[in-house]
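What follows are several structures.
Both of the next two complexes hold chain A, though its partner changes from chain B to chain C.
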Partner chain A sequence: MATLNLQNITKSFGAAHVLHGIDLAIKDKEFIVFVGPSGCGKSTLLRIIAGLEAATAGQILIDGVDVSDAAPVDRGISMVFQSYALYPHLSIYENIAFPLRVQSLPETEVKAKVGKAAEILKLTDKLALKPGQLSGGQRQRVAIGRSIVRSPKIFLFDEPLSNLDAALRGDMRVELSQLHRELSATMVYVTHDQIEAMTMAHRIVVLNKGRIEQFGTPMELYHHPATKFVATFIGQPNMNLVQASVLGTTNGLTVEFSGGQRMTLPVDCTTATVGSLVDVGIRPENLMLGDGLSMTVRVVERLGGVAMTYGDMPDGTRICAALPGDTPVAEGAVVGLGLNVADAHVFDASGAVMRRLNAPTLVV
Partner chain B sequence: MLIDRYSWPQKLALYAAMAVFLTFILLPFLEMFRTSLSPMSHLFHAPYEIWSDKFSFDAYFAMWKKVPLLGRYIWNSIFIASAVTALTMIFVIPAAYAYARLDFPLKNLSLGVFLSVNMFTGAVLLIPLYRVMNTLGLLNTYWSMIVPGVAFLIPTGIWLLRSYLEKIPRELEEAAFMDGASRLYTLRRVVLPLAVPGIMVVGVSVFIGAYAQQYLFAITFNQVAELQPLPAGLNQFIGYQTVEWNQMMAAALTGVLPVMIVFLFLQKYLVAGLTAGAIKE
Partner chain C sequence: MANATQTKDQPTVRAARRGLSEGWFAWMLIAPALLFIAVIVAWPLLETIRLSFTDADMNSENWVGFANYEKMLQGAKFLEIIGRTFFWMVLSVGLKLIVGLIGATLLNAAIPGRALFRMMIMPPWVIPIAIGCIGWLWLYNGQFGFASGMAQRLGIIDGPFEFLAYKNSAFYAAIITDVWVGTPMVSLFFLAAMQGVSRDLYEAAWVDGAGRWYRFRRITIPQIMPVIVSMALLSAIWTFNSFEIIWIFTQGGPRGGTTTMIIDTYKTAIGNFKFGEGSARAVMIVLILGVFSLLYLKVLDRVNKHYGVK
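Let's turn to the complex of A and B:
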């Protein structure tokens, strides 16, 4: 059992306010990912949970107990660092055994625990080596090994895969998800990579400028982004935003684009006013060739299954469509793009979403 | 690496520059050695002769009779320099770590004050130091040569080691802290083993400093012949009528020899220490 509750955590470095009142309730055995652009405060928040930084105000509760002033080891937390933080002068065995040496456990117990961790992480034949003799992925596993021998209640990961190459990162994502199932522990994972967030998280915390923009499951964030920031941050390539003016608010939101095209979008438009400007968000994968918006094609990237088509609308707005790989579009041509109106997201001038009414209700 | 490839005129210029440099450094040693081999009668001989049939190692045997305590002086020199180095390192290591990692009031100011002490040479402070030694009753003991040596070498030692310790990634210490290790445990198990090359460099530079400065403190604070280090002991080759230059040079070379041998063995640490952290591993 390990729940983690953050209550009104704020952090300032002198005059710089990094976190503004973070409230978060993480359930037992959840895999939570903090994601956001650099400087959003995600690493600081993780370091506060770890006990490496003190919060300026607010409480941290683990299993309901206030640990705000406790040392990291007393919080039952372990952490894997971005740089792995392995001790270069110690063998892999001693690196993994380090937390147990600190507790001065008897050698037999150390041996058993290190052996078990090494087995889980497939490092058994590497124990006698030094960190410098291992590959990046193996070093990463040693760092994880050091964090699991202590059987902590909560694991923290600070961008652990960012030093690995793309192929290895894919493998490690799968391994980490598997490890999470095997250990059935609560994990908090920081990354700036939305693919890691989408693939590994039970729930994602999207942070922006020291505030939580949204906290939800990956598909919730994808289908129901709460703000324009979340909408453009989640999804690859980014969501297109096209400005339109509101013509009517009965039976959905009727909008007119600058090219004169009109659409009625099924969103909750009780807050919209006729004549105001909104941003219509359309994911590239929801666009298809057809009637609707017109685009002058600039670049076509054929990835095989998909042809990423980048272009400009008549008013200069950049737009991207993910069309089927064999779509006959040529660079420089003018094509029409259609969409299913149920797929459109609408954001008001403040960036807040008007909830989609006919969105898929996939529960994951 | 391609960047290390030189054309032959460049190589020629490099080697010429090195030759000039080495000549400047080594010529005094060669002259010392030549003098130590010459008989006294030959020393003031004109014209200058680089080599003569009369050269011999006689001075290396005669010097022990001329100055019976010579062995003692050599031992004293090494002992004093080693004691100064050991004591200095005991103070420098924790202090350098504190300056590298901890936050405390007046951190930069206090380090500046320490370093400003080094602006004064020992000679300027001799009289006040003499009074301090006198008050503490340390005159004419080994301590009178060790304590001021330590005091003058601590600031640069802190300065050198601090910059080395700062290069050790902070995350290593944070990882140890996460695992429940105390600062001292982390210092002992993580920081010090990684800082060995840096500690070697600082230790060697402190030792050289201690060796170099002991003459001044020895002739000022110590009158006991048995406690004199070699540089002060060499004075005894200066007689009322003549100076036994050949024996003095022989004694100086003999005294420096053990230190040189140790340095030859430490060389690989020195090179490692001076370049460590310069490249990403």
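Let's turn to the complex of A and C:
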């Protein structure tokens, strides 16, 4: 049972300003993911929540209590590190028991709590081993076990799956989601991997250059990216951005692409001005063969069900289309790409989105 | 056109072309080092062993079998000297480890001017030991030395005290100087080991509520334990053989109070020209240090395994 509120958190390292007034309200039992490119401040923000770094300004409230100046242990949080941070000289049992040893709990209580955590994490038969004898995934589970035994109000994860191979990352994503359901705890998770963010989060915080670009559910971010940055960061492969000039703003936004193609896009264009340039965002999966944009195919990656088709528009803009796997496109060919105009996103010169009017209803 | 991936012939390939087998080529490569070891280490060692079975002095040299060893082991002072040498070693190494650990911990702390402090601990190790000893001789001087003056001021002694004139005080004075000389290196090794401990371990423990002392006991010490053991055993070997300080201070006196095995060996062989008896003592030191070296390898292996070092 824990809510987490960040109020105007700023952080500077000397002249370098890393975080610029972060405001965030996280509900009880939510699984929140901070995502963003390297250097965006996500790990710093997590460390500030943990108490490992002091914020330059702002307040941190856990369950409404200001813990900005409290020691990490007094905040009721636990943290799982990217490096696992396991003690190599201690057995798995003692690694998990470490926080309980610090509290000088009686051995019977330690045994019961470690046993329960080991059972949840399927580590019961590994308790006598040392961390060096475990695989990467098992080590990460031990690190999680050390968090669980403290029964914290909030779990913090700092890129916990970064050191695992792709297959293991997939397994661990599922395990972490299950663990969240079992523990019903508030979790804050940092990653640079948008797939982790999309698959695990209730809500995602997209950070860029120390500022929150957008805070919303994965599908909100996918269907209604607030900025060009979010649009290109969320979604795999990345959203295509094609420049166009505005021809009209009545009954939608009428634009003309450099190849002369014209489209009327159903977006809120109250801020648009005729003659200005906009970026039209089109997800690769929304493109199909047909009339519309022209592309000279450079590379076709056939993944079975999907043929990732990369090419250039006449003005040199690179574009990607996720076409059905058996689409007969050849490298070097010039193909036409059509799209449902309702799927197009439009961003003004500042990178802000013009809200789509006919976007699909969000299911989650 | 030359293939970009083509590489030059390996040395072994070139050696094969010149008619040398791989085995001979390998021996050829290590021959200079082998020659060096043979001349500098093996020959003097074998010669010492040979001399230990003779009554060699300035005039003659006769084969006497184990007579030198029997005489040494039956000598009234031999056990006393061995005991003193071990006491010297244990006390000095113990102090070096404790002071070195404290020093490394302080130098590892995030304090302003840390780099300056790190440089300041180096002089005892860097300056020639004889010069350092001259400084300490002045400190221990009864008439105008710092130690005697300070002890008088603090009311510990009534009048001037010549530290190097009495058996016990000379022995402990030499130990203090030996610790002064030996601690910087121990500190630097500990410091390097401490800096190798992942910051995440400390932060994870901090989040779990572990205080400084708890983190030091449960993380720092176990993490640097392989280095502590290494330094303990290596330092034990070096201290066992420590010669210069005692020789400069007291030459083993007063009344043999600072005579350790190495001093006794030197005095017997070089001072009294009893090369045979001196060599027997030297062989005894080699045997003891050999046991230490074997112990070092065994203990280090076990410690590395226990503390999770691969």
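Everything that follows uses one rule, which is that the second predicted complex is superposed on the first by the 363 of 364 C-alpha atoms of A that agree within 3 Å, B and C clash if a C-alpha of one lies under 4 Å from a C-alpha of the other, contacts with A are read in each partner's own complex, and residues count from 1 in each chain.
Just so it is clear, a residue touches a chain if its C-beta (ideal position, glycine included) is under 8 Å from a C-beta of that chain, and two chains touch if they have at least 3 such contacts.
The model shown is predicted, which means the values in this text are computed figures rather than measured ones.
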Exercise. Here chain A is shared; do chain B and chain C fit on it together or clash?
Worked result: clash
For this session: Please indicate which partner A:Leu52 is in contact with in the superposed arrangement: first for chain B, second for chain C, both, or neither.
Result: both
Exercise. Counting only touches as set out at the top, which of chain B and chain C does A:Pro88 meet: first, second, both, neither?
Worked result: both
For this session: Give one of first, second, both or neither to describe whether A:Arg150 is in contact with chain B, with chain C, with both, or with none.
Result: both
Exercise. Which partner does A:Lys130 reach: the first (chain B), the second (chain C), both, or neither?
Worked result: second
Exercise. Who does A:Met79 touch here: chain B (first), chain C (second), both, or neither?
Worked result: both
Seminar exercise, completed: Overlap of the chain B and chain C interfaces on chain A comprises residues 50-52, 71-73, 77-79, 81-83, 85, 87-89, 98-99, 101-103, 132, 146, 150
For this session: Would you pull the chain C residues touching chain A in the complex into a rising list?
Result: 198, 200-201, 203-210, 214, 218-219, 222-223, 225, 306-310
Seminar exercise, completed: Residue set of chain A touching chain C in the complex reads 50-52, 71-73, 77-79, 81-83, 85, 87-90, 98-99, 101-103, 130-132, 146, 150
Exercise. For chain A, which residues are in contact with chain B within the complex?
Worked result: 50-52, 71-73, 77-79, 81-83, 85, 87-89, 98-99, 101-103, 132, 146, 150
Exercise. In the complex formed with chain A, which residues of chain B make contact?
Worked result: 169, 171-172, 174-181, 185, 189-190, 193-194, 281
